[in-house]
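Just below sit the structures, each encoded as structure tokens.
Both complexes shown next keep chain A, but they swap its partner, so chain B is in the first and chain C is in the second.
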Partner chain A sequence: MSDNLLEIKNLKIGATVYPPGEKPHDITIVHDVSLDLKKGQVMGLIGESGAGKSTIGLSSMSYGRGGVEITGGEVFVNGRDILKIQAHGLRELRGREVTYVSQSAAASFNPAMRLMDQVIETTLLHGLSTKTQAEERAIELFRSLGLPDPENIGNRYPHQVSGGQLQRVMTAMALCPKPDLIVFDEPTTALDVTTQIDVLAAIKKAIRDTGVAALYITHDLAVVAQVSDEILVLRHGNMVEHGTVQQIIEEPKEEYTQELVKAHSITHEEKKPTDNPILRVENITASYAGTIKVLKDVSVDIHAGQTLAVVGESGSGKSTLARVITGLLPPSEGRIVFDGKELTPALPNRSLDDLRELQMIYQMADVAMNPRQTVGQIIGRPLELYFGMKGAEKRKRVIELLDEIEMGEKFIDRYPAELSGGQKQRVCIARSLAAKPKLIICDEVTSALDPLVADGILKLLLDLQKIENVAYLFITHDLATVKSISDSIAVMYLGELVRYGTKSEVLSPPFDDYTDLLLSSVPEMKLGWLEEVLADRKMESAGN
Partner chain B sequence: MNFKRIPLSALVGIIATGGFLFVAVFAPALAPYGMAEIVGDVWEPASDEFLLGTDNVGRDLLTRMMYGARITIFIAGAATIFSFVMGSVLGFTAAVTGGWFDMVLSRFVDLLMSIPTLIFALVVLSVLPGNLVTLIVVMGVLDSTRVYRLSRAVAVDINVMDYVEAARLRGEGTRWIVFREILPNALSPLVAEFGLRFIFAVLFLSSLSFLGLGIQPPEADWGGMVKENKEGIIFGIPAALIPAFAIAVLAISVNLVADWILNRTSDLKGGRG
Partner chain C sequence: MGHPILNLVAQRIALGLLLLFLASGLIFIGTQILPGDVAQSILGQSATPEAVANLRKELGLNDPAYVRYFKWLAGVLQGDLGTALSNGKSIAEGISSRLQNTLFLASWAAALSVPLAVVLGLLAVQYRNRWPDKLISGVSLASISLPEFFIGYLLIYFVSVQLGWFPSVAILNETMTLGEKLNAIALPVVVLTMVVLAHMMRMTRAAILNVMQSAYIETAELKGLNPFTVIRKHAFPNAIAPIVNVVMINLAYLVVGVVIVEVIFVYPGMGQYLVDHVSKRDVPVVQACALIFASVYISLNIIADIVSIVANPRLRHPK
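And then the complex of A and B:
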């Protein structure tokens, strides 16, 4: 036996699928994957959704999630084949030798238990130390993970700390029983960039200090480059490429890896602002339930055929701005001028034509479409409502629109559940285009998508802008996206506009502190980036 | 539709429910005797002449059962449909419009539900003229409070989905939102509830008849038949148990069908199955 802590040999994982209208059949999710991990090393597993990365990660605990079954191969942890051991042995393994950090800490904690009790639970369960010792260790871990007030934070309940803090508490939970291996399953994906960087730094420090080995699962190559020693690139359950971080980032061999490294490389020539903006937001102040102001005196302009990107972290008020413009939340002060005339603040009083010219695309395409309507009905409805199209004429236009979004006629009778994430978002785009709008509000439209799919959507949006001369209000927390598609940028922080101007103005120094923080927090695809950034940071994120 | 894919339990339910419906519809043609015709002695045991025996005044029980199925299923079905149409439309509208409409309606429903249903029905039915329409309306209104609550709760969840917001931003009216966006997505829990409520309606109607305020003699209905024959039980005559047994079988078979429909409509493919 070698000195490998974890050894996966020719792992095969399968599941039974039950497609509607067809016979259930078995599929293979992971084909013949092998990897080795030495003590104290970090292996990054990277790939898009459906690549099998989480499934492989969980196999190191001999666990298959929701009907997934390990059908072949061997998994050795500390020299024993854990696929052969019984339930009792697995109980010894899980939470003692191998621990797990999940993506959404908020959903993984028991809301009715204090954090400390949950952090030391596994340690006590395995009888690894006394309660006092475990609590001392937890406090020590809280301190080294940079949590505020480490002595007392354990007395809080999960809802009393922020998302980034909760993710760090979960890391402490995984580290507490002194495991040999931790599986990190997208631990920073649900966080803001400015928070992500803190959590990333905390995880990296904890790994270095304790010498624990880790499998780090993510879809973001730039993130994994900061924490791991080696990277395994996966696609559709197959190994694509395996190498050191440096080799993968600097000289990727496979075509797919090269594409991943190049993601976010869409560029777009900045257009000059015109004299007559299509939408003028003037001194808008808005609040929910009349108490807390979510938007404070915000004014921005959007020009015909151009894109204004609104950036900021969660809670900055960027989605509220969209709600105000669409009329879902009438502002308490200020006015909105659309195409030369003032818009009625509340939605029910707006004319059908105003509604038609102002469309919206949502972040979660799956809940933005009625699951009981076909693609044809979804795209056809605006045509019927605004232009009175019927029958063959409507169908012809729907097919045209489907061609425009690069999907084609064969999708017309499908239901949303039969589409992939990227296709769903495309249908939503077609639905708003059907109205022939002058402005489309895009609320985090690419956030839920894999990087390469997201790039496809951005490219489509840019192409459509050229053809239809439609303006976009692009709400996002992702600065890489902003750089790719915007003409002007508005940076928001806690409801205020902190920086606003054309793309080149906003993105060139001198920066204010917040913009600097935001810009520097976007993970870059190079080694040592994390250390550099942390060394010269000026302020903390709002989530801390 | 592929009949081989219907699970056994649903098949049993379909056959039994279908049998009840068939008998109900064709009772006059199938029944061996007239509905109120006295053909034999009191409480005669089952024989070739009277397959289930005779009742307390000597009418053929099988005939009475068939006519009873006809009237029981008709009234319970009509009351349930009435309660679903009223309850779900009001419930959805309340959830979608909100505000005072929702408040007034919901508090009114609370008020109705705070009064025990059976006592409420007894009072109302003893005051109002006793005919079928009154019976159906009273049962429907009382049942619709439960349907209202369920539909409102389901619709409140659906109402916050992005596709409903998208429909609102598109300029759709309340009617479109209720019938096109919410109703298709609220169907599964409603169908399941329909089976259950139908059976409650059968039981409720039987209780009313048993107490003498439902179907009036000499019309046959299952609850009334239990009442007419209940004295026989002490003498070991099973005549009262036959309609009770029929109620139980109908309850089970309707729910087997409802379960299966629920499975089909919660299918990913938008219920085409």
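And then the complex of A and C:
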């Protein structure tokens, strides 16, 4: 027997899919993947969605999510083939030898149970120690993971703790039974950059201190480079490249890996602000339910054919600003001037033309479309509503729009469920363009997409801006996106505008503390970046 | 202290009282717009106009409707449900023993059906889409699809007449021991259980299956917990609110909707009492029964709301 802790040999994983209008059929999600992991080693699994990385990670616990089935190959943990053992044996493996940390800790904790009871549940179940011992160990782990008030945080319920803290509690939960292997499934993807860095540091320290082995799954190469020893690049369920971290990020061999390494390659020449902004937001203050102010005296301008990027972490009020501009949340103070005239604060009182000129694109393209309507109906609806188009005329315009978003006529009768994530977002862009707007509010439109797909969407938005001369209010937490597409930038923090100006002004030193924190938190693709940043940080994230 | 739960609970109770007040108005209006004259129907067709006029005066029927409504309401609030027209006795006295009997029947039916429904629901989840699930769903669906009078007569014919296990007529009296009483109400309890079981069982199953889609159930499975522990510790506590709601609606049905079952088994409960007095055109009794039914319905639903509020950890432990 070798000294490998985990050995995956020629793994094949399949699933049955139920496409609309077709017979259910079997597909293969993972083709012939093999990997070895020694005790105490960390392997990064990287790839975009559909690469099969989570599926491979879960196979080390012999678990298939939602009808997924392991159809071939062998998985050895501590020398035994876990695909051949029965349910009872699997329960011995899961939570004892291999534990799991999921992407969304907020959804992965039982809302009706105290954190401590959940953290020590596995330890008690497998009879590894007494309750008092387990609680002491959990408190020790909370402390070493940098959680505030480690003695008492376990008495709280999940909703009483922030997202970044929950992610660390989940790491403590995975470490508590002293497993041999932890599967980290995108543990920092749902967090703000400024919070991600703390969680990442906590995970890295925990791995080093305990000597546990880990599979670290992510789509972000810069993140995985900070914690892994080796990296396995996956695409469409196939192995693309395997090597040490240094080799992968410094001399990637395969073309696909090279693309991943140099993602965010868009460059955009900054345009000068004009004298007549298309939208003036003047001294806006807004609150929900009249009590807590989520926007405090915010003023920004957007110029025709240009992009204003609004950046900030969750809770900074950036989406609330969009709600105020669209009229969904009338402000308590201040006014909004659109194209020279003041906009009515509340949505129901705005004219059809005001509605038409101000469109919106959302983060989750698939919930922003009616799943029972075809692409043609979805894009055709604003044409009908605002311009009274019907029949052949409408169809012709829909096809023009489909060509503009580089999809073409063949998609006109498809349903949203038949499209990929990037295609769905393109359809949403076409729908907003159909109204011939002067301003489009883009709320985190690329956050749910893989880096390469997101790049495609950003390129498309920039091209369309040149053709249609439309202005964008681009809300995002991703500074790399901001750098590549904006003309001016507004940095927000806890409802206030902390920095505002043209792109070159905002991104040139001297920085205020918050902008510095934000800029320094964006993971960079180099070894040792994490330690460098933590060493010269000036302030803490609000999410802690 | 101003705990948000206390405020929410107080709000529910206040709303319930308001609802009860509105219900009393509807009941009163409903009985007023029925055709015919109460005095006339008491005295019969042969009564002289003078006698009818005298009786109307005596009963206060010449007052405007709103005056009579508030008189009635004031009486009810003081525990005086009025006097039955048919026998001149106090309604409160007549109803109390009937109400006790109905509650006796309903609580035994509840004691049997609620645990059974929850356990069957849990089993159906555990064996979902396999034969135990299909059997449980099938049998309970069949029993809810048959009208209760039909189930009632089937049971009377087979269990009572053919096998002679239980009496077909559920008559209670003061001298009976608890065992004798339970023997007497066995068949109506079974019928009621069969009627309410399916609804509660299917809701339990659906609510838990809904929770089973959550990410925290996957977490629990990946902890190596056995399937029944996953359901009991992680799924059920988060499915309590919808389950309690449907349980309460069914408990209300056990009290309010038993008219048919009581009539079939000649059981001396509220349902029988109501039906008897409707046929005698005894309006005050009908009003009193309706008001009691309304308050049972509203209070059980308030309890359901309060349980849902208290079961929600976000409300119980605010940030």
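To be clear about the criterion, the second predicted complex is superposed on the first by the 544 of 544 C-alpha atoms of A that agree within 3 Å, B and C clash if a C-alpha of one lies under 4 Å from a C-alpha of the other, contacts with A are read in each partner's own complex, and residues count from 1 in each chain.
Note that in this section a residue touches a chain if its C-beta (ideal position, glycine included) is under 8 Å from a C-beta of that chain, and two chains touch if they have at least 3 such contacts.
The structure displayed is predicted, hence computed values, not measured ones.
*Asks:* On the A-aligned overlay, A:65 touches which partner chain: chain B = first, chain C = second, or both, or neither?
*Replies:* A:65: touches chain C, not chain B.
*Asks:* Could you look at A:122 and tell me whether it touches chain B, chain C, both or neither (first, second, both, neither)?
*Replies:* Once the two structures are laid over each other on A, A:122 reaches chain C alone.
*Asks:* Is A:474 touching anything from chain B or chain C once the two structures are fitted on A? First, second, both or neither.
*Replies:* neither
*Asks:* So, does A:110 touch the first partner chain B, the second partner chain C, both, or neither?
*Replies:* The second partner, chain C, only.
*Asks:* Going by the contact rule set out at the top, does A:326 touch chain B (first), chain C (second), both, or neither?
*Replies:* So A:326 only meets chain B here.
*Asks:* Does chain B (first) or chain C (second) touch A:493, or do both, or does neither?
*Replies:* Neither chain B nor chain C is touched by A:493.
*Asks:* What does chain A use to touch chain B in their complex?
*Replies:* 20-21, 326-328, 347, 350, 352, 355-356, 358-360, 362, 364, 367-374, 381-382, 385, 415, 417-418, 431, 435
*Asks:* Quick one: in the complex, what on chain B touches chain A?
*Replies:* So the residues of chain B touching chain A come out as 161-163, 165-172, 180-181, 184-185, 267-273.
*Asks:* Report the residues of chain C in contact with chain A in the complex, numbered from low to high.
*Replies:* Those residues of chain C that touch chain A are 214-216, 218-226, 233-234, 237-238, 311, 313-314, 317, 319.
*Asks:* Show which residues of chain A lie in contact with chain C when the two form their complex.
*Replies:* 61, 63, 65, 90-96, 99-100, 102, 104, 107-113, 121-122, 125-126, 156-157, 159-160
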